[in-house]
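Below are structures written as structure tokens.
You will see two complexes here that share chain A, one where it goes with chain B and one where it goes with chain C.
And now, the complex of A and B:
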């Protein structure tokens, strides 16, 4: 990778961030609802007091001035103070981000590993009985709505069998090692939901990739050289499948920083997904802006990382 | 031995958790800054941690941090005598703290609308007496100021330079029933403050769990994770529990007198809504019992003809009676109302209950010869249309259970004038009736218990004669609790389940 390519790429990323931030700034303010309305919406309040309240939230200035102020603060690394949390939005986001990563990373990585095993296996045994059965199950699971599946798990394991808590992240009055146990206890069902929902899609993706790799000339050559099926699978199929799969994983993790809104809502898991939802419900502009920004930046960086990974696993890919 | 110690530790932790009342609240607790409350969950939490000078009980104004209060009309001020009370950190509440709490709002220009508009300052008269001054004096000043502003410790808050950026989640100190212990992303742990007169002897504290929706809260209650759901339960869910007691043996439903009166607003600026006979025709056309039964599964009461709900028991007039359907009379009244048969617009919110009610009302009115079409709007659209007075009839709700004097804002002519195409107050229908204004003004100036009773009696009588709006029904407030972990719940018809008696008598089931 040349230096000029790297500089070009960084500049492109910066430009994309600025365009995306500007667009989100405009779109967020175009949403119906006024963040300070609940404080000055009372018809008993005289006009001058309404203006004072608007000024306290920085909403008394024209949108252009608000935008320029925002950009000034943005380049200083200050994303403002949340209207609803009354503290720096960076603090709020940093408090929530680890919870989302904890919730989503574990089932995503586990489902990737499982999908790789299943996908390679059925890809190599195309149209066999096992392939057909697994595909039917995968299609069935893939078409199950996430919220319905999550509710089903809650009703069975939390409500009927009472094995797991209904929702939440940690029991309120636990300390020390009990906190970790409680956390794992609470995370079990959302993890299971995400795992089961992710595996079918990933596994089918891997299967299709394996089938296409199996048709390549280098596989025929490998067979002609007398390599066993296991050796071909390990040396040629897996290596070639890993590149696109890692790219997919990177993008998936970047998307997850935005939070798994449905899962977080159903299990009352206070991660980024619920935060975004909450911020938009309350017209909390600074908070909404920060969460959008994090999602944008992480997707852009993930794209970049995915390209690098692609090049690492596939020597044919070159950056110029 | 190690195993035994482990089992004992687990048992001890279970027992200590058991003396905490587990309460589910809807929404988030993001901040405990009492001046910047934004959600019902925060309102509940702050209401337990902090206290005001005065409070409301069954429609009566009673003391909290203050034991006594007087009005000085000559200076537009209230003079309040403080009780001997402590903050959670053990320090005494002084007149300095109270004066600071009120003046802090003015100094920092906190977004507490009405108080910024009418309050001019607080001053200390002596160690136990404070004076609050206003631009004008009427009974609503009580609900803006001594019943709304929390008393905060000066020693802590004088160091807070930017209250708009102060979430107050580290160690909030108030003087309320419960003191702060711990806030996590999903729960708030509070301990009973033993110096408080209503503190519990059997409970250690209360844990407020934030939940996202009613179904999960209900499942948690049935399972025993929660002991009480701190919101007004959906009538259909309540009906399910009431009709299947064997399916939910530990779950109890408490039906409390509601405080919100559902009404039909008339746009008095238009004909024929400005005609008394037309309004009376509408009043007599409706089958109230059927609406209560069909739209509310019988979990509502027909409203009083005098509008004030029973919940405001201090000023409610029992002798007012209730409206009843009388179709022949309605038809007769309609003939002399000037109604020309044109289709009228009934503005209604898009929620299911309102839609159901509106459909029935449309049918009843058609029955007597009034043609109505529904104008269905979402919450924002409804408010916009009400503010622009863009309706003939509208389904609306007045919350009068706690502060019945709020009726002034809904019906006084000064609150219904139009400015720049918008109604200037809550009187969206533009009611402008001289006798009504006079009675409402007397309520405005009725500070003593006796004066209030008389003024409200006059209002209810006049209201039933001039029908500025049609009082429809009062939905019952539905509370739900579990007896799985605690016994001794006391259901008060005006205070609900979460009342001082409940806290005193609740005992863990062991």
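And now, the complex of A and C:
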């Protein structure tokens, strides 16, 4: 990978982050129900105290100075203090981040592997019976609300069959390696939900990629030089479908990290998604803002990584 | 007029078209004639029965923790879901379509600016942001529709722009330019009509997406406190521990309604896509 490509992407990423921070700053000031106003808006608070509070939060300065301070603080990792936790919001959020990644990354990777298999299989057998059936199931799954699907899985696996726990992350009173087993046991249902919901979109994307790859001349060449179907699949189709799959991933990351709110709520999984909801219910504005902002930054970072992976697998991207 | 009739005929010939049309018609019928179809008025607290009754002759889909008839709530809930879906799709198509046409038609700086905004909006994690905005604004029917439009228009504008760009290269647009037609005239008479088919299809997909998103937000508690919606029913079911209490009917039926509503509109979208744009038929899922 060329250095100039890397630098270009890093600069782009930084710019996107700055825009996100800027918009977040504007949003908070443009929307009605200013949290600071609520804080010092109480008529019983004397005027001098109000001025002091304003000065303490830097709200007495011009908007531009406030904005620059906000940017500076963001890059220093200082996004204020949570009302409910009484700790720095960045700390609270960063403690939750790994749990959300653990919850979303595993089913994402598994669904990518499964969709590669399914997509290549039905793509090579276009319009066969299997292709039609899988396509229709994938189409129907688009309309299944993720959170409802999770509830149905709970109904089946937690209540009827009693295979998996209803919610939570680790069973109480477990120690040592049993903690890990318990964690996996608790993660199974949310993983299954995300896996099933993700596969259709990915698989259809791979299928369409495969169909367009099959029309390329190098496939004809490969056939002409006597490669078997299995060899063509492995060497030419799979390799060429991998790059675009990562670009598909970049489009889905936002939805996945954002959609974690629903899954985490249903399974009481203490990740960032649940934190967003908690902060919203408690009117903990600094925490809410920081969680959303850090989610956005995570999405941007994940996109960057997916782009790098795509560039590794698909040299064409690097030379665009 | 003749063209329109043949479109409907083609729609009735396709499997997805018929399925979509039938299911959607039933739902729309329910929404319009809700007071006549629903056996009880779910807004009237005097018409409540015993709590958490399984499906029976009196309550074909059972009752919830408050004794309200589930079937009646689903019938009334169709009003909320379909209206949110319709209004969001309308808003999204108007804004996305307009910006897409402008970007494609004017090109250069305007195009770059609009497309950069589109790229940015597309990577935003919608749900947490919507929650943040709704926390500030308070959730009502209108604020919900508003956030769905604000975070939903980007995809459409990108598609419309692509259509406009390819249309611009065709001879008749250049001919119109040479004949002295103004830019706005060409946009109105040529470029916009050329993107209508794609706009129609994407409107259908947006409507389905909006209904799913509305259900998700309502499920998380961001719903209009004054109206019944399917997502809100599921939200109440979760907070009242319906599954622990054994009330599966309270969870299964509202979700089924959300699925059917989204599925019927998606089916119509897919069917019209095949009719309006035969080139890509079979390529999409």
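What to note about this one:
Please note the rule applied: the second predicted complex is superposed on the first by the 237 of 320 C-alpha atoms of A that agree within 3 Å, B and C clash if a C-alpha of one lies under 4 Å from a C-alpha of the other, contacts with A are read in each partner's own complex, and residues count from 1 in each chain.
Heads up, the rule we're going with is that a contact is a pair of C-beta atoms (placed from the backbone, for glycine too) under 8 Å apart; a residue touches a chain by one contact, two chains touch by 3 or more.
Predicted model only: the values in this text are computed from it and were never measured.
When the shared chain is aligned, chain C comes close enough to touch A:208, but chain B does not. Looking at the superposition, the partner that touches the larger set of chain A residues, chain B or chain C, turns out to be C. Within the superposed three-chain model, A:152 lies in touch with chain C and out of touch with chain B [touch as defined at top]. By the document's definition of touching, of the two partners only chain C reaches A:139; chain B does not.
Legend: residue contacts after superposition of the two complexes on their common chain; A:101 is shown touching neither chain B nor chain C.
Once the two complexes are overlaid on the shared chain, A:265 sits against chain B and chain C alike.
By the touch criterion stated above, A:301 is placed in contact with neither chain B nor chain C.
By the touch criterion stated above, A:162 is placed in contact with chain B alone, chain C being left untouched. By the document's definition of touching, of the two partners only chain C reaches A:16; chain B does not. Shared contact residues of chain A, touching chain B in one structure and chain C in the other: 32-33, 154, 158-159, 166, 265-266.
Residues 32-33, 36, 38-40, 42-46, 49-50, 52-53, 56-57, 81-82, 84-88, 95-96, 99, 154, 158-159, 162, 165-170, 172-174, 178, 265-266, 268, 270, 274, 278, 282 of chain A are the ones that touch chain B when the two sit in their complex. Considering their complex, residues 13, 16-17, 20, 28, 30-31, 33, 36, 38, 109-114, 116-117, 164-168, 182, 184-187, 189, 207, 209-213, 216, 219-220, 222-223, 225, 380, 409, 415, 423-426 of chain B touch chain A. By the touch criterion given at the top, residues 120, 122-129, 131-138, 208, 212, 215-216, 219-221, 234, 238, 243-244, 248, 251-252, 255, 258-259, 262-263, 266, 270, 282-285 of chain C touch chain A in their complex. Interface of chain A with chain C (complex): residues 16, 19-20, 27-28, 31-33, 126-127, 135, 138-140, 142-148, 151-152, 154-155, 158-159, 166, 200-201, 204, 207-208, 211, 250-251, 253-255, 257-259, 261-262, 265-266, 273, 276-277, 280-281, 283, 288-289, 291-292, 295-296, 299-300, 303.
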